[in-house]
Amino acid sequence: MSSYDDIARDLVIANRILAKEEVVDAYGHVSIRHPDNPNRFLIARSVAPDLVGAEDIVELALDGQPVRDEKRTLYLERFIHAAIFEARPDVTAVVHAHAEDTLPFGIADATKLRPVIHSGSFIGSEVPVWDIADNFGDTNLLVTNIEQGRDLAKCLGGNNVAMMRGHGFAAAGRSLIEVVRMSVYLPRNARALIRAKQLGGRIRYLSQGEIDARNRGYSPYSTETWRAWEYWANKAGCGDMLRRPGE
Amino acid sequence: MSSYDDIARDLVIANRILAKEEVVDAYGHVSIRHPDNPNRFLIARSVAPDLVGAEDIVELALDGQPVRDEKRTLYLERFIHAAIFEARPDVTAVVHAHAEDTLPFGIADATKLRPVIHSGSFIGSEVPVWDIADNFGDTNLLVTNIEQGRDLAKCLGGNNVAMMRGHGFAAAGRSLIEVVRMSVYLPRNARALIRAKQLGGRIRYLSQGEIDARNRGYSPYSTETWRAWEYWANKAGCGDMLRRPGE
Amino acid sequence: MSSYDDIARDLVIANRILAKEEVVDAYGHVSIRHPDNPNRFLIARSVAPDLVGAEDIVELALDGQPVRDEKRTLYLERFIHAAIFEARPDVTAVVHAHAEDTLPFGIADATKLRPVIHSGSFIGSEVPVWDIADNFGDTNLLVTNIEQGRDLAKCLGGNNVAMMRGHGFAAAGRSLIEVVRMSVYLPRNARALIRAKQLGGRIRYLSQGEIDARNRGYSPYSTETWRAWEYWANKAGCGDMLRRPGE
Amino acid sequence: MSSYDDIARDLVIANRILAKEEVVDAYGHVSIRHPDNPNRFLIARSVAPDLVGAEDIVELALDGQPVRDEKRTLYLERFIHAAIFEARPDVTAVVHAHAEDTLPFGIADATKLRPVIHSGSFIGSEVPVWDIADNFGDTNLLVTNIEQGRDLAKCLGGNNVAMMRGHGFAAAGRSLIEVVRMSVYLPRNARALIRAKQLGGRIRYLSQGEIDARNRGYSPYSTETWRAWEYWANKAGCGDMLRRPGE
């Protein structure tokens, strides 16, 4: 199992990749469960992902509160991460973002976001849409307390991605690399589906059997998975920070 | 209250951000009310926003004329700014731009531009469309005198944004950071709405209560707001010019 | 009137701008009439516009043939330029390009390309579509001889832009800056129109009076026009080559 | 005929170009038949195309297996290349990629991908859609053995491009430059067709005679073809690796 320092460095890389791939801008965040204590997770303090460094990583408990005395401002929406880690022991990493081309699926209700391309398979066959207004009425749409986080986590259920109406999405993965990859290909899958609908006719989605087959074959540290991580890190200008597990 | 030098530097940063984020190209401009004299405002001389430096900032009165002897050419459309500052004492900063994806909403009349994403809430629930032809007939579409500016300001009323038919938009904010942020997220909100309509079905707009809740929670110098400003300035290559109020 | 060296340098800048603004890629070209001899024009030898230097500029006659012994390969489609200069004494500069978002208007026949934004006014109220197949049958779609060039010029008539079916466009201007500007804003106007149609309802085009008003106010070396040229040249990395007439 | 070293260097350039032009990302690959042995082909080991160097090139037989002892991981989908080289002696180079804007044509069934722009002519008049599910049921959609590769090659037949449902495309060319060019203009042709359909009315496709005329005129080392290769290589930052045949 990786050391804390390794995990923190990977989290910095993940932040930079998500910024470079335009999954996040000044807003949006990525977190990872603590390698030694499943009741804690690591996430940056309130700073734009592209500017995150190792010194910005903080350690939070599953109620979203810092485990150490912390003077710096934290992400208002850290409760998204806290609640998903709490509800889903199988989840190792979480992304919340507003990637532009996913947004329409949280606004219009006629078309469900489903995998149409193989790289989109990891979003799974069901992407629920959570509307904060259903249980919390008129808010600023942000998930700013643990109750709202839990409501979102409940809507997410056992799925990998939930759309958040008028806001963005939350994605949960078995590894940091997996959740970053899912977050990069989610908008791509969304665009492919939007354009396929414009072309018209029958849409051929991935079948459940195909989604399952891809899921079974996934390994977070396979050469194929690493290839993307290595590529994205280099593109984001932090290839020098890469460290392959076992090296 | 900030000094003139600080304000001028922030205005340079705002120019660079708007260029980098493709809100403006060679055309479009941003202004800020004078910190010590509400009857004056600062804006660049006629130069592309990406090339603006502190030495390009000029001081204009609310009739759009320079308060000092000025040999350099001024923006033809400075009257947009003058008239909005004149009509709206609550407004501290103004942007006029032609951000591409906002343009369709000033051309087609079937769909109103309204907030569909949380970051678009600041455009407010009503975005009027001003058509210069209504009161001025066939023109070059530019707002080149104070009467035209006042007509636009009247159409804007108490709203934050007005579309200008076949031309662009004018946005008014309580702070420079607010109006820049509004101008960056306006085209994003426009794209999300266009694509949501392509997906079909019912569009779920932000409710009035949600718009109000977000508005109430806004603070121009909160950590969350600063995060975007810091991110955009770094992305635009002028992170070294940043100065946080109070530092 | 500008010297040959000044003209050649401006032509290099124009090439670089058109490449940076994605009006051209490896293909497409820009030409300017010879400052001292209206029966000649300058254009690059066959090389990608982004790689054009002053040494690549060649001088051609109005039949498309080089006026000096020339061993280097010339653009196959130089006859577009030759024929337009021949037919239109009022034209000083020509662009032929395949800017992507203009292409649909040369493929689908239900919507005419017309100005919907003020910066698109210079394309004029009528943009004819030329189909090489009408008079030349099955070709490789390239304008490879003077007869084809003249047929295109005839279709262009007194207009500023002609679409070329399945191929691109030809634009003619009164100055180099004007034709570059027209070529940059043509795809933008095209995108605004495509998206406005997606939004639905009535499309509000620029009126003939507005097009005329903008045309009357145009001056190739006004501060407003120069502002764009200066911005684009800097963005394309050749701001150091700029020379303002009269300086 | 080119030496092995020259071919390997060109293959590196092709990898970099395809990455820069966003035809491939971390995934997708390009191969070339061995210059001296038609039963072998060259392709990179499993690494992102943008990061490929000459040392990453491996030599495979037409069953997709390496001809020398190879410890490094190979592309899972190398069988796409193997099977096409096996079935098509006329083919010198192959690309497999997931270029985003081609994907809708492998998802929606109402519109066939056909040439609408002259630079898209090389995809040919017929672009079949291969669905791995037809003969292999629920898979992970990847072509991971020679039987799947042969099934794809059979669907491709004598055509230049086959779409792969929910996955991407395979393109086959007479030269490396040709297949790279085809791969760059395939998504452009796709976008032009999607947008033309949005504009509505009759779509004017390239005629069979036009496709044939363009095909007849094609020469992989003409000045016109080289112009694009030179441009793309410079844009991808490897202009220094260029070597023109005969030089």
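Before moving on, here are some points about what is shown:
Note that the chains take the letters A, B, C and D in the order they are written out, and that residue 1 is the start of every chain.
Note that in this section contacts are C-beta pairs under 8 Å (C-beta built on N, C-alpha and C of every residue); 3 or more make two chains touch, one makes a residue touch a chain.
Just so we're clear, the structure is a prediction, and the values are computed from it rather than from any experiment.
The chains in contact with subunit A and with subunit B alike: there are none. At the interface between subunit C and subunit D, under half of the residue numbers involved are used by both copies, so each side presents largely different positions. Centroid to centroid, with C-alpha atoms defining each point, subunit C and subunit D lie 32 Å apart.
For the pair subunit B and subunit D, the distance between mean C-alpha positions equals 46 Å.
For subunit D, the set of residues that touch two or more other chains comprises 197-198.
Of all possible chain pairs, those that touch are A-B, A-D, B-C, C-D.
Subunit B makes touch with subunit C in their complex at residues 25-27, 46-48, 50-51, 73, 76, 98, 100-101, 103-105, 107-111, 131, 133, 137-142, 165-167, 194, 197-198. Across the complex, subunit C is touched by residues 115-119, 121, 188, 191-193, 195-207, 209-210, 212-214, 216-217, 223-224, 227-228, 230-232, 234-235 of subunit D.
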